[in-house]
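The first chain written gets the first letter, and so on, giving A, B and C; residue counts start at 1 in each chain.
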Amino acid sequence: MSKGIPLAEALARYRADADIAPLPGSTDIDTLLNTYHPDHLRGSVVKLAVGANAGDSCQRELAGLLQAEAFIDEADLAGSPVTDIDVLVIGGGGAGCAAALAAAENGARVLLATKLRLGDSNTVMAEGGIQAAIEPDDSVQRHIQDTLRGGHHVGDPTLVSALAGDGPEVLHWLINQGMQFDQTPSGDLHTRRAGGMSTPRLVHCRDYTGLEMMRVLREAVIQHRSIEVWEQSPAVELLSNEVGQKCVGAVLTSLNNGQLRIVRTRSVILATGGLGRLHLNGFPTSNHLGATGDGLVLAYRIGARLCELDSFQYHPTGLVHPSHLAGKLVTEGVRAAGALLVNGLGQRFIDELQPRDVVCAAILRECSEGRGVRVNDQHSGVWLDTPRLERAQPGLLEKQFTSLMTRTRVAGIDPRVEPLLVHPTLHYQNGGAVIDANGATTVPGLYAVGEVSGGIHGRNRLMGNALLEIISFGRRAGAAATADRDRGPKKVTLEHVNQLRRALTLAGLPMTQRAPQILPDYAAGGVWNR
Amino acid sequence: MEPLIIQNPQVGTPQVLLHPERRVGADMSRWRSSGGGVALERAVKNPAAVLEEVRLAELRGLGGSGFPAWRKWEAVAAETPKPDKYLVVNGNEDEPGTFKDRLLLEETPHQVIEGAVVTALAIGVNRVVFYTNPDLTRSLAAMKAALEQWQASDLLAQASTALGRPLELELLPGSGHYIGGEETASMEWVEGRFPFPRGKPPYPAQAGVHGCPTLINNVETIANVPHIVAQGAEWFRALGKGSATGTKLYSLSGDVLHPGVFELPMGTPLRELIYIHGGGLLSGKPLKAVFTGGPSSTLLTPVDLDVAMDFDSLRARGANLGTGAMIVISEGTGIVKRVAEYERFFAHSSCGQCNSCKVGTANMSRLLDRIDTGCGTAADLATLKNLCTMLPGTGRCHLINGAVQLLDSAFHHFPDEFRQALH
Amino acid sequence: MTTSNTTANGDDQAQSVALTINGLAVNAHEGMSLVEAAWHGGVPQVTSVGCLEGVCGSCRIMLRRGKEVTVGLACQTFVENGVEVVFLPPASAPLHHYEVSDFKDGWDIQARFQDIFPEASRCRHCHGCDNACPKGITVENGVALAAAGRFREAGEAFFECVMCELCDAACPELIAPAHVGLFSRRVTAHFHLRPPNLIHRLEELRKERMENPPKDRRKKNNED
């Protein structure tokens, strides 16, 4: 990718006060997506050969993990300590905490196991806000319509109406937990409009919405008397009953010493988040270190049906440099506030508030057609024109985008003076485990909430719906999992693993790769058996 | 309340500070009839001779530094009052296993006061602060009673005359914090603030309490002064064994038959202290280790039994005499647990000013607790060792150094115990 | 494009920087964060890493530069020649216990705070917390505000808190400032955030539900 305008030349050409020509006429969205969006790259999608989604399309690298060998077999379970608990939540982000709190509120004893530290998640980095239809001219119905339209009408209307309908109550619950939001002078919750929204609906806490949410939920979980937390304890396998058809627990390991622990439970809630750290199609990612798609692998292996495995959200504005922030986001809120995208020639090329997939494809088009700004052979991008925004609304960046300013200040960059070089970055897994309105997967006893689940966002997620989803469905699943009143497992087995191994052998697939991945290769030095 | 200290003076061992005739409490007349006040009379006549005598006696700082006392004295003597000069007699004594100063203050308060007054005359100090651990109520009561008698006595009047200005004596209960025993921290407390150690320079001798030249000496150091003045440097030097001078109050505790404070010649071997004076180990168990210094120093093990317990001999072994505290551990006692206890003490005692010390000791303590309770991992042990490499010399005072020295030494002598305790 | 986020600076011109991480000698490139350097140098057991952008508070380190030791976050600290770095273990379990749902009344919240965080009024002003905070929060002042019952202002002081809990480790009085800050923020929202637009919409939805009771089985179960 050596095309593009060299960085120095582009910088010299850049003027914050230059006149910007209006956008060229209407873009053919479908052609743009089909030509430039990474989901449509040739060779990036394969058909799954085994499992509940056999015959379905799946991103190539993800397919390799879904059809991989497990880490353990029954011999490994002998002698491992066993813990019995009502509800096991796997994942310590927003969805996991919401699920654990809801289950505990409903009287369950809860174990929350998380791969890294409680709160290490994508939730904590969500800057934009949370959608909820609370403005007088807004309605739950409009929220539903926007969400379905944004997802290219692939989303499940039942799930979407559950999500949108929960919006106001979710805010109520969060405020009760002690989460703060920005207010207007009259005390209303302040709302913003962002990509794909027909009206302002994005409630926020400056640009630290995810951090504010996560630290409140984290504290609520730590303080809750009925919730036990195990950190540095990723799940390596789920446990099934004798016939391999019901989830009755999980096997956890320890990042510190590799010891396996068996948890037997009535229900398991997967809240493991996304998979950006698999760096699909070679893209950088905005995700936290633990986002390696473990939940998808575990759910698929025990027989859960997944959906939209070939659809991922590449956030349009990932930073290109400084290197330690490569792939990290500049929140869409900056564009919502009026920042333009400008190519290396100083031209606008897309309506900045189009859905993320469209904006992303447009940036990739600019780069591949030589109008991008080239840093070196591997890196190019386009300008996010923050200095122009600062000229139009002095002080706005410092006041409303504290997080962005803090992060760039560490690297000696001032977005008020220099435009930011951005490039699409792997941000979100649109699909995931198929669930019902209670977050139940197709496997009894197994729930999935948050990014690991699918069906809500169709093939594209709107900003602010992820934070809503994790609380809405986290609470739904927590309550439903507690309501499951069978007597708990009689026997815990790895029968589903045996079944998958037979299927893999039958399909002639190699069992050389093992999954889940747990940590990306470059960080795997600390992991138990690598 | 029964006395805490079991004292077994051994026949043939010269008792100076703890001589039975001097252990008269706050009774001034009994103290004077046993020879009290003689040194002061000499000092009043010839204050300049005191410093020289102390120098010849090679009196060391007995609070743990082992620094020659006369060097600090000389520095303060050379300064002009601004407008005062201070002597802080440090009886903060809060380190685990150390309980000698409380005995001197409680049973020989006049000896300590006379030592302080003689010192004041020698170096021109006009304000003396007896800085005492606030929890030692009996020591405080004895000192209070003794000081009241001094205020009314001719001795103080003579001293003031010799000094040429009023000599003021003050009893000041400390903060109850271990760190308050650190020399610059004690000055902060005297000035009415939390005892945070100060950075050096300036050194106390130049700018100490309220910016005045200040000498800070341990109670035991000061208590020796009258005897050096009264009986001479030669006599004092002869009390010690080998090249060491004077006597030392060793605080012996732990798994021994007779714990207590023992006044023995400086340089007495560990073997003699434990097996003769301490009566040997409980149930005749073998010796495993000795925590020295209070206990911010390296461990001694059975191979060190014949080392002379004086500053220089122990330093040559990479150890430290410290306050003379010897906490004896017998075979069968877990080292990890004991070290964890002491590190917890340091973590609680760190004043908070230096992140290196507070965050360092807090993490060391936490990791040790994890290892001790069977939850520790190899990574935890590695982190501990890395902290030990990184932290020394990074604090404003020496607390972090002591905490590291103790842990480092435990790793060195008992590596297997740490490994075996891992999860 | 790169296969990871972290190798962007691997070009040859970047100067080599020698440092020690967790006791191992590491050669890194200029401009690398300490997390990048640890991975680059193959340092094992570096799993206390999360967001890589300074908001999750996981990658807590102590760093020695000459005779000075500082604490901070590895993803926000850059390599320097000769520094020694140790990744710290996760923070210990909290010492103070409360559940916001236990508070029925905002009028006694000061008393409740004093019960839960008695140490907060014993600050000795050592500034250890201020020095430890990687976000430059005026922690000591925030604690003082909370101890004085000014929870809204205290919470505002902690706005940028990422819950690394380094201030907790740095506090000799065991005040747990990070949790004091979060307590302050939480009670402020819990008792004082009453937005009319949200309340109005909740009321509309409540009325709607009264008119058309839900058929959802789960909700029925919950009402039992």
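Rule of thumb we're sticking to: a contact is a pair of C-beta atoms (placed from the backbone, for glycine too) under 8 Å apart; a residue touches a chain by one contact, two chains touch by 3 or more.
Every value quoted in this text rests on a predicted model; they were computed, and no experiment measured them.
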Next on the checklist: Quick check on this structure: which chain has its C-alpha centroid closest to the centroid of all protein C-alpha atoms?
Outcome noted: C
Checklist entry - If you count the contact pairs for each chain pair, which pair has the most? => result A-C
Checklist entry - Using the average of all C-alpha atoms in each chain as its centre, how far is it in Å between chain A and chain B? => result 60
Item to check | Rounded Å distance, chain B centre to chain C centre (Cα mean) | outcome: 42
Next on the checklist: Rounded to a whole Å, what is the gap between the Cα centroids of chain A and chain C?
Outcome noted: 21
Checklist outcome for this item: Note: chain A residues in touch with at least two other chains are 256, 526
Next on the checklist: Where in chain C do residues touch at least two different other chains?
Outcome noted: 45
Item to check | Residues within chain B bordering two or more other chains | outcome: 379-380
Checklist outcome for this item: Per the touch rule above, chain B residues touching chain A in the complex are 377-380, 423
Checklist entry - If you look only at chain C, which of its residues touch chain B in the complex? => result 22-23, 45, 62, 64, 67-71, 84, 86-89, 92, 124-128, 131-132, 166, 169-173
Checklist entry - For the complex, which residues does chain A have touching chain B? => result 256-257, 259, 526
Checklist entry - For chain B, which residues are in contact with chain C within the complex? => result 194, 196, 348, 350-356, 358-360, 362-363, 366-367, 370, 379-380, 382-383, 385-387, 389-391, 393-394
Checklist entry - Which residues of chain C touch chain A in the complex? => result 1-9, 11, 31-33, 35-36, 39, 42-58, 75-76, 78, 90, 93-94, 97-101, 135, 155, 159-163, 179, 182, 185-190, 193-198, 200-202, 205, 216, 218, 221-222
